[in-house]
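What follows is subunit A paired twice: with subunit B in the first complex and subunit C in the second.
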Partner chain A sequence: MNVEKLQQIFAQSLEIDAIHVVDELTYNSIPEWDSVAHMALVAEIEDQFDVMLDTDDVLDMSSFAKAKEILAKYEIEFS
Partner chain B sequence: MSFFELTEKCQQLAVVTNERTYTYTQLAQQSNKFIFNSTQKELILILTKNTVQVLASYIAALDSGHAVMLLNYDINKELLAKNIEQYRPKWIVGDINISGYKSENLLLTRIDETSNYKIHADLAVLLSTSGTTGSQKFVRLSYGNLRSNAQSIIEYLAIDENERAVMNLPLSYSYGMSIVNSHLLAGAALILSEESVMEKSFWEEVREHKATSLAGVPFTYQMLQRIGFMKMDLPYLKTLTQAGGRLNEKLVKVFGEYAQQNNKRFFVMYGQTEASPRMSYIPHERVLTKLGSIGIAIPGGNLTIDSETSELIYKGANVMMGYAECLEDLSLGDELSGILYTGDTATVDNEGYFTITGRMKRFIKLFGLRINLDDVEKKLEAVIQAPIACTGNDDKLVVVIEKEEQMGHVKENLERLYKLHRSAYKVVILEIPRLANGKTDYMKLKESCL
Partner chain C sequence: MIAPYHLERQQKSAQLLDKLNALTKWHMDNCQEYKAMLEKSDAVQQVDTLEEVPYLPVQVFKLLELKSISQEEIVKVLTSSGTTGQQVSKIYLDKETSVAQTKILVEVMKPLLGSKRLPMIILDTKSVLKDRKSFSARGAGILGFSNFGRKHFYALNDDMSLDIVGLQAFLKEFAGQKILLFGFTFMIWQYVYKEVIASDIKIDCGDSILIHGGGWKKLKDEAVDSSTFNRLLHEQLGIREVHNYYGMVEQVGSIFVECSMGHLHTPSYADIIIRNPITFEPIPYGEQGLIQVLSELPKSYPGHSLLTEDLGTIHGEDDCLCGWKGKYFSVAGRIPKAELRGCSDTFQGGTKR
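Moving on to the complex of A and B:
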């Protein structure tokens, strides 16, 4: 459930197709995921999962896999 | 006659990169590798990137008295080709292959040696006014413009040789260029970085290299707040500067209070590329009492307001020579005589602090990119063939259409023409308010959309 939800958030914020949202997708590896999109992405994640991310977590969220890992710390389960 | 006179500062620290540091003597050695020999004044195109080689080529170009066109290395290829064809630079600095040029290391030299153009003796730098393909125009800045503005900045920011400024803005952007000029002329150091504040490695650089100052556009400050900058422990960082568009008052207050409580200085500044670029600043100790203002004129400059139109007028030695729209324009001298009509309307308080109230022409600035609202309207109207109106502020572009079925088409074209992220604009369906003469009522439009 949450995996699809996060995938949708990524797809919408980065304006890419959901099939491209895979674990290996990393920040700055595609033109769509730049700092502007990152801001939108973080805001959307916080909104939809109702969490407030720490500084380090915002900076660390450099891939889709990493995003799941970080959100797990906020008790959002992905399996 | 050398512009930067690097060798006078010999053993002082000049540049810090992730690989190593350079003293002024070592930076001069790097700069001496670029030899721009010619019997006449030439144009050099530098594709800017924050590396020591590019910085060295910029220094070499100005120290040899040529004229430099600065474009960022990630510029759209078509636009680059168009500029090269139009301005025929004798040399190009960049990691690139261009037909008609032979390349050696980072330096490309035009094969056809005929140079039947004349470049004005005072011309130093050409900066683009817009990043979009439609309306490319260059601002012509003289050696005197650069020197004068750098001196003013050194004075009001009190830059000395102990300063270590993070330089992560493009050199092709007037704000970035002014950081380089002011710090090198003050004998201070630049920490060269291509990273944004959104990256973890950026903060590692800031800590490791003991950065003392950080520069940002409004969006940078939004990011800084977002990532919890205020909670970071950065004992060496003493100065924050902000320019490149209006920062909303709430954020000015947040950063002003942060600076006050943490013994740091926060400078809100105002400028335009046409003024090389700085025109005003709020002295850091006044930022909380002068929220929303652009402050006072920089040392050596003078601001006034036109009594009829309320337009803000700047006078100073840093006002550009004029614009260039073709190669022939590079032979032109100073056309403005130190007076710049800013296109902004303003008010002034009894202490001489100015506040921008609007724009004469309808421009907004999104992520540092200047967007002409009339231009957006014209372009979109041409493709959707229906009434359209644009408004906005420095946070968002708002496009108003009257029929919902055009929504997809408008969004598609906005993204194609201006490469805007979805969070940077919104499309609103609304009956466009009109004045009695049938023209769009922009006042009302803005009220109902923002």
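Moving on to the complex of A and C:
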């Protein structure tokens, strides 16, 4: 459930098709995921999962897989 | 000890020297124009002290498009904020250098801002970020500092008018929480402070910290110095803590922020040297001269050692009362164009503040 939710957030924030949101999707690897979009993405994740990420989390969130890993720290489950 | 202000002189200079020597070699191998310039000036490339590391004048980036990566590897282009009609510098970043730049900004600011992201007010307009691949100094600064904030609010409308209603609503929503403010010195003065005075409203940012940079040139004309600026912002906007920073797009990684004593500090990845503006020889601490900046970051372009056009004074090293290590210094402003050409002795007259 949360996986689909996170996929949707990525798709909307980066304005890409949800089928492209896979674990291997990495920051700066597509023009849509640049530093400006990254801010929007982080804001949307915080709103929808009701979490507050640290500065280090924002920098570490360099792929879709990594995003799941970081959110797991905040007790959001992706199994 | 607080990283990145933890290394003392000997250890820091040894580490930095190794990295700078490696960068000189890297750029010799990867940037034709850089190689040609160094060879032409007979510069020694592998050196034993920081003072001997070959440097380029910062203006060179206005004349040449220097990079040590291929066109395909460019992910970001930074441009300096020249006035209209002036040539701008173009700085090319690849993924590695761009990521390193963001990380180091966080490290440099963490001792002041902590790791929790604060509700953030950007004292600028959102339109500076319109172009997504090429960033002005202003855009790059805003993007970098945005990592420390959440719920970003841009206080200026596109026409540079102050969004007072929005600002008051933001402060109400986050009342009682620590607020981060970021902006450029002149923009804050002209479009925020003056506007608040003109419209005769009272704003109180509460528990708040402002980080600002970009130079004092225009404020000097109005005889506003740093302590006046800080005092007036406290009085009119209730901003409790203010830290200025010194940096330039031409050298990523060189971001020098004011400590609690109001001195700019060099972190472990960057350093400064003060040179006589006429002979270019390094001069002792306490004397004013041209600032040379060194940074271990610039790998995608040959900007690891640059002579700026700014005048500054080193006040000491490793013994600032704030507890941070490294050199601490102040910047007096841009060197007058006439002084660059002529041979005035103004700059050899010892400490001038």
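A few points about this structure:
To be clear about the criterion, the second predicted complex is superposed on the first by the 79 of 79 C-alpha atoms of A that agree within 3 Å, B and C clash if a C-alpha of one lies under 4 Å from a C-alpha of the other, contacts with A are read in each partner's own complex, and residues count from 1 in each chain.
Note that in this section a contact is a pair of C-beta atoms (placed from the backbone, for glycine too) under 8 Å apart; a residue touches a chain by one contact, two chains touch by 3 or more.
Keep in mind that this is a model prediction, so the values were computed, not measured.
Steric overlap between subunit B and subunit C is present once the structures are superposed on subunit A. Touch criterion met: A:T55 reaches subunit B and subunit C at once.
Touch criterion not met for A:E69: it reaches neither subunit B nor subunit C. Once chain A of one complex is fitted onto chain A of the other, the partner contacts of A:V36 extend to both subunit B and subunit C.
In the superposition on chain A, A:E15 makes contact with subunit B only, not with subunit C.
Stretch 128-136 is the one of subunit C that runs into subunit B, the other listed stretches 128-136, 164-172 or 344-352 having no clashing C-alpha atoms. Counting contacts as defined above, subunit A residues 35-36, 39, 42-43, 54-56, 58-59 meet subunit B in one complex and subunit C in the other.
Of all the residues in subunit B, the ones that touch subunit A in their complex are 196-200, 203, 219, 222-223, 226-229, 231-232, 367, 421-424.
In the complex of the two chains, the subunit A residues touching subunit B come out as 15, 27, 35-40, 42-43, 54-56, 58-60, 62. On the side of subunit C, the complex with subunit A involves touching residues 75-76, 95, 98-99, 102-103, 106, 110, 113, 115-117, 129, 132-133, 143, 146-148, 150-152. Every residue of subunit A that touches subunit C in the complex is listed here, in rising order: 28, 31, 34-36, 39, 42-43, 46, 52-56, 58-59.
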